Amino acid sequence: MAIGIGLIGTGFMGKAHALAYRSARAIMADVPEARLSVLCDMPMDRADAMASQLGFDRATDDWTALVADPDVDIVCITTPNGLHREMALAAIAAGKNVHCEKPLALSLEDAEVMAAAAREAGSSTLVGYNYIHNPAVTHAQRLIADGRIGRPVHFRGWVDEDYQADPEFAWTWRSTRSEAGLGALGDLGCHLVSMSHLLMGPIESVLADTQIAHATRPLPDGSGRGTVENEDTASALVRYASGAQGTLCTSRSAWGRKNKLDWEVHGTRGMITFSQERLNELRLYVNDGPKAEQGFCTILTGPDHPPYGAFCPAPGHQLGFGDLKTIEATAFLRAISTETSAYPDFTDALAFEQVIHAIDTSAREGRRVSL
Amino acid sequence: MAIGIGLIGTGFMGKAHALAYRSARAIMADVPEARLSVLCDMPMDRADAMASQLGFDRATDDWTALVADPDVDIVCITTPNGLHREMALAAIAAGKNVHCEKPLALSLEDAEVMAAAAREAGSSTLVGYNYIHNPAVTHAQRLIADGRIGRPVHFRGWVDEDYQADPEFAWTWRSTRSEAGLGALGDLGCHLVSMSHLLMGPIESVLADTQIAHATRPLPDGSGRGTVENEDTASALVRYASGAQGTLCTSRSAWGRKNKLDWEVHGTRGMITFSQERLNELRLYVNDGPKAEQGFCTILTGPDHPPYGAFCPAPGHQLGFGDLKTIEATAFLRAISTETSAYPDFTDALAFEQVIHAIDTSAREGRRVSL
Amino acid sequence: MAIGIGLIGTGFMGKAHALAYRSARAIMADVPEARLSVLCDMPMDRADAMASQLGFDRATDDWTALVADPDVDIVCITTPNGLHREMALAAIAAGKNVHCEKPLALSLEDAEVMAAAAREAGSSTLVGYNYIHNPAVTHAQRLIADGRIGRPVHFRGWVDEDYQADPEFAWTWRSTRSEAGLGALGDLGCHLVSMSHLLMGPIESVLADTQIAHATRPLPDGSGRGTVENEDTASALVRYASGAQGTLCTSRSAWGRKNKLDWEVHGTRGMITFSQERLNELRLYVNDGPKAEQGFCTILTGPDHPPYGAFCPAPGHQLGFGDLKTIEATAFLRAISTETSAYPDFTDALAFEQVIHAIDTSAREGRRVSL
Amino acid sequence: MAIGIGLIGTGFMGKAHALAYRSARAIMADVPEARLSVLCDMPMDRADAMASQLGFDRATDDWTALVADPDVDIVCITTPNGLHREMALAAIAAGKNVHCEKPLALSLEDAEVMAAAAREAGSSTLVGYNYIHNPAVTHAQRLIADGRIGRPVHFRGWVDEDYQADPEFAWTWRSTRSEAGLGALGDLGCHLVSMSHLLMGPIESVLADTQIAHATRPLPDGSGRGTVENEDTASALVRYASGAQGTLCTSRSAWGRKNKLDWEVHGTRGMITFSQERLNELRLYVNDGPKAEQGFCTILTGPDHPPYGAFCPAPGHQLGFGDLKTIEATAFLRAISTETSAYPDFTDALAFEQVIHAIDTSAREGRRVSL
C-alpha cells in the first residue's frame, strides 16, 4: 500500500519534494512506495500543469482540501515560511504526517507552537534540512562518533550565497522582518546550525553580531529605495554543551559563493573538513603514521559511504542536490512505515532554529544568549 | 500519449536508464512522458522484483518478447556488450527506437553492422555516452564554438579508474578478448573519445601504445592465475581533421581514480579544462584583460548553463551522475517526438568506437592508423 | 656605504633575518647593500659558529655591546618576546634603527612604551609582519584600493597551525601568561590582524571568545601535568572604522594546518580570497561579463605582481617564505636610505597588537571592547 | 678555504646561480663556503653593474679570462645554449668544475662531446635540472624506492608554459632550428625527462609526435611573418627499461600554464602525483586501511622532508624557486669538497637529453626510436 503524498507549493523546493518521493523506492528498494496523490498550488491552472508535469493524481488550489484528503498520508509544505504554521497545524490536526521545509516558521514562537502540536498529536514530522543527509556528512558523523579525530574541540562553519550581493538587486518583501523574518540566518544560517548540531551536539550559548551590508535596495516600482530590515550577514561565537567552542558565519551577499556550506571539525587527534560546493568530497587529517606522509586526505564518496551505493555502484560518480533530497524523503518514508521517528523532526528542528534566533537576539542586545 | 520504455538489464546502467526515464518529464517539463512498460532480466523473480522496484508495468525474462511488445517504443539495452548486437538488430527489425549502452559492441564489425541496420531502417538510436550531456561540457562546447579560446590547437584527455588496480583482483571473463573485447579502451576510453569528438571534431589518425600492467590475475576457483588478454592502459597520439593534435590516455589500474575523465582544450586565445570527478566545474583561462588578473576561472554550473535550471534554480547546488543520464534520456524522448535525431546515434557512436579500435590496432601493429 | 646589520638571536627568525639582509641587494638591485656586521647569541661558541655560517663579520654574546657597536645601523631583535622591550629601548637610545620580530612585546604596556620611545627618538623601526609583504597580498591591496571588488563590506580571516594540537605535547614556559603572554593570539593572531589592517583598515571594536582546548599538558620532568594558562583558540567578531564587519579566528591546535593564514574580502562587486599555504595564488571573483563565465579566478603571481620579478622573470615559478622576508628587509633598507618610514613600524604594529589584546580582554570580560 | 665561483651570464639563470651560491652555506651550514669571484657578461658596464649587485669580486667581458682565472673553481655557464659547448670544453680543459644550465647543448652531438670531455678529464660537472632537487620530489623518490606505492607501472608527465601561446608573439631566433635547436622539448621537455628518470629509471624507447601550432610569427621588423621551425608541442609514448610505460607531453603554447611540470606515478599499491605550480605539495594515494577512508593525501613539505628544514624549521611555510636552485648548488659544493659526484652530471644529463632528441627523431621519422 503506497504512502500518499500531498504537496503544497511547486517552487524550487516543491519540485524537489515531488522528484524525491517519485524516485525514492526505485532508488532505495527497501522503502515503501510513495504515490504522488494531490498537488496544491495557485492559480488552478498552474496547479494542473504542475500536477501533470510532476505526475500527481490530481491538483487543487485549496490547501485545506489537500490536508483533508484521505489519500494523503504525508503533507509536504514548501510554501513561503509565513504560511508554514497554519498549514502544519491543520495537517497535524488532520492526523497527517508532515514534511515541512526549513525554517519551520518566521518566528520562534510559531515554531514552538508547531513542535508542541506535533508532539501532542504524536505526528511524524520531518523538516527539510537536506544537506545533513549527504553520505559524506553522515560518514563524517560516524568518523567523529568512532573517535577517529579524537575529542572534537572546535567547530567552524560558514554558509554563504551571493543572491543578494548585488547592491542593485531589487527590494522585495524578503527584505522585511514582518514578512520574511530573519534574513541570511533564516535562509541559510539554519542549514549550518543543522550541520553543527549533527556533528558537535547542542549549542549552549551564542555571542553574535549581524550586519545589513546593503541598507537600502531599489524599489521594484522605480519609486526610490526601500529599507532592508533583516541581516545580510551574521556571525556567532558559540559554546557547545560538550565544552567545545566554535564560530558560525553566514552571508547572502558573498560574491562568488553559490552554495558554500563549509565546515571544519577540529579534534584532539585530527580534523575533518567539508565543502558543500564539492559535496562528494570529505577531507580528513589524522595524526597517524609517519609525519612525512601526513596530510589532508580527500575522500571521494562511493558505495562505502551508504546510501551512495543505492544511486550508483561505482565510486566517484557523484551525487547531486536532488539525490540528497531523495535520501531525506527516504528517511521519512521509512520512519512512517516503521513508526519510528525521522531526523530532524519538528522538535529537533526547533532546536536548530532556536540557535538562529538566539544569534539574532544576541546581535540586537549585544550580550551572550543562552539556549 | 506516453512513450513506452522496454528495458533489458537491471545492473548499474539498467537502473540508471529506468531512473532517467521515470523522471525526465517531471524535471524537464517540455518533453513527452515516458511510461516504464516492460522490464527484462533473468531469472524471472529478479525481473519481477526489479520491475516492482523501478515501477515497470510488467516484467519478462524473454528479451525477444520485450522487443516485440507493442507497448514498447524505446528498447533500452544495458546488457553485457557481447549481447548488444543481437538485441539491437532485433529491436531495429521490430521497428523500435533503440537506446544502447556504450560501447556498441565487442568488435568494430558488430558495431558497423548495428549502425548500418539502424541507418537502413531509419531507426532513431542513441548510445549512452552520458558524460557529454553534462551542462558543464556543453557549455565548454559552446565556448569553443563561439571562439572564446580562439582556434583549438591541442587536446589532452585522460579517463582513469582503479577497479583493476589491485594485482590480486580476481581474473574474470572481462580479462579475455573473446568475451570482453577491449579492456580499458572499451570500458573507459570510448567515453574520452566521445568528449574529444564533441569538443575537437573527428580524429584523422592515431599512433598508440597499450599495456597489460598485470599480466596474470588469480583465478576465482583458486586453481592458479589466469592470463589477462586485454589492456590495462592505452595511450594515443592523435591528429584531428582540423589540424589540431592531442593525446588520449586511459587506465583501469590507476589507484585513487574513481571516475577521472579529465581533459583540456588548448586554444590560440585560451584554455578550458574539466575534471569529471568535479563535474559541476569548468575552468576557463582567456588571454583577456590585465595580465595581472589573468588566471583560470572556476565556473560552477547553474541555471546559466542549461539544462541545469530544470533540476535546480539555484547555481552551485550540483548535479549528480544520475542527472546526466536524465539529460541523455530527455534528448532521446525529444528526438523521437520531433522525429529529429539524437546525439550520438549508432553512426556517431561508431565513429567514436572506430577510434578505440584504431588505437588498439596501432598499438598491436606499431604504426600510425588512419580513420 | 653599506648598512650594518646587528642581529640578536639565531633561531628561526634570526636566520631568516640574516638570509634576507644578505641577499636583498643582489635580488632587488636598487637598494643599499647590507653588511652583516655583528651577531649576538649565547653561549659564545654558538654565536661564533652562527656568525661563521651566516657570514657576519664578528660575534658576541653581549647584546649590549652589539647595540653600542658603531658598525651596526640596524639592530634586528629576534629573541623571545619577553626580551624585546629592553633590547629595543636600548637600541633606540643608542640611535639605531630597529627591526623587531612580532609581537612587539609580551604586554601591551611594553609595546606602548616601545612605540613611544621610537616616536620620541625619531627612530626608523620595522616589525616582522612578513606575510603582508607577499606580492599576492599587496596585489590584493591594490585591487581593493582600485575598487575592483567595490566597497569592502566584510572580512573573514583565520590563522591556524597544529604545533600544539597534540594533547601530549609537553608543557613549557609558553603555556604561562607570565612568561609567554598571550597564546595563539600572540604567536599567530597578530599576523592575521596585520592582514586585516592592510586590506580593511583599522578595527573599531571586538567581541570575542577564547578557549584553552588542552587544559593541562605533561610536565617535561615527568612529575605530572602543568596548567595551560593561555588560549589555544581565539575568535572575534570585529567592526571596522569603515563600517565593514568581520570575523578573526586563530588556533594553535588545528590538526593539519601548517601555516594557514587565510582570508576573504567580501566587496559589493566581488570577492578576493587568499591562502598562505598556497602563497603564490590569489583568487578573485568579479561580477563582470557574462554570468555563465563568472567564477573565481586563480591568479598565479609573476612579474606583473611586483616585486616578484626581482626574484624571477618567469611567472608561476613560486616565491617561498624566505623571499617574503627579503621583501621585508628591502623595505627597511630603502626606508633608512631615503629617510622615509617603513611599514609597519612600531606604531603601526602597536595598532595591530592592541587588537589581539582587545580580543583577549573581550573574551575575559565578556563584553565588546573598543579600540 | 672558499670555493671560487666564476659565472658566465647574468640573465634569469645567471642571477639564480649567483643567489644560490651566495646563500648555500648560510642556509645549509654543513657545506663549504662559496666565494663569488668573477662574473662575465657583455658589455663590460653590464658586467660591472651586475658584479656589484650580485657581490662578485670582479667582472670581465672575456669569458676565456674567467675560465683561466685561478680564483675560479666552478665555472657556471648560463649563456644561450649554443654557447655551452665551447665554454664547457674550455672550462674542462682548464681543470675547472662546471655547472652548466640545461640543456647541455643545441645538438645531441655537442652534448656527447661535452660529456665525453668531462669523463675523460675527470671533471666534476652538474647540469641545472633544478626541479628534481625539490624536497617534495625527492620525498616521492624515497616513497617509490621504499615500495610505498608498490611497483611503478605507469608514468604520466606534462610540462607546459604559455610564453609562446600568443600567435602574435614575435618571431625570434628561438624559432629556428639552427640557432635554437629544439623548441618546447629543449626548453621544457628536458625538465620533464629529468623527473621521469629520477622516479622511473631509464627510458628504453619512444614513439612520438610534435606540432608547430603557430606556423609563422610576425617578424620584429614588421616586414611580414617568419617561419617557425621548431615544435610548440611534443607528445611521446615511452617504454621504460623496467617494463613500465608512460606518456610525456610538453607545450610552450598552453595558455594559463606558467610553470606546469606535473606528473603522476601509478604503482601497483598506490599513486603519487605532483604539480610544480604547487611545488610544496605531494599527493599520495595508498591502498591501505579502510576503503571508506582512502583518498589522495595532500602532503605539505616541512622539516620531515629534508633539506626543507635548513630553510625553515616550520612546516608548510613554503619553499620557492630560488630555494630549489640553492639545493642544487649545495649538491655541487658538497660533491666537489668530498670528491664525490653530483647528480645529474654531464653524463646523466646526456641521458635525459638523448630522450628529447629521440622524441624529435621519432616524430620526424614516424617510427619508434630506441635509446
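To keep things simple, chains are lettered A, B, C and D as they appear, and every chain counts its residues starting from 1.
To be clear about the criterion, contacts are C-beta pairs under 8 Å (C-beta built on N, C-alpha and C of every residue); 3 or more make two chains touch, one makes a residue touch a chain.
The structure presented is a predicted model; accordingly, all values stated were derived computationally and were not measured.
Chains that count as touching both subunit C and subunit D, per the definition above, are A, B. Least-squares overlay of CA atoms from subunit B onto subunit C yields a rotation of 180° to the nearest 5. Distances between chain centres, each the mean of the C-alpha atoms, put C farthest from subunit B. Note: centroid distance subunit A to subunit D, computed from Cα atoms, is 53 Å. Subunit A and subunit C have Cα centroids lying 41 Å from one another.
Between the Cα centres of subunit A and subunit B there is a gap of 34 Å. Shown for subunit D are the residues that touch two or more other chains, namely 257, 294-296, 300.
Listed in rising order, the residues of subunit A touching subunit B in the complex are 12, 15-16, 18-19, 22-23, 25-27, 29, 53-55, 161, 163, 257-260, 277-280, 300, 302, 311-323. Those residues of subunit C that touch subunit B in the shared complex are 139, 143, 148, 282, 284, 290-300, 304-305.
Per the touch definition, subunit A reaches subunit C in the complex via residues 149-150, 153-154, 156, 158, 165-167, 207-209, 211, 213-214, 233, 235-237, 239, 245-247, 249, 251, 253-257, 266-271, 285-287, 294-296, 366, 368.
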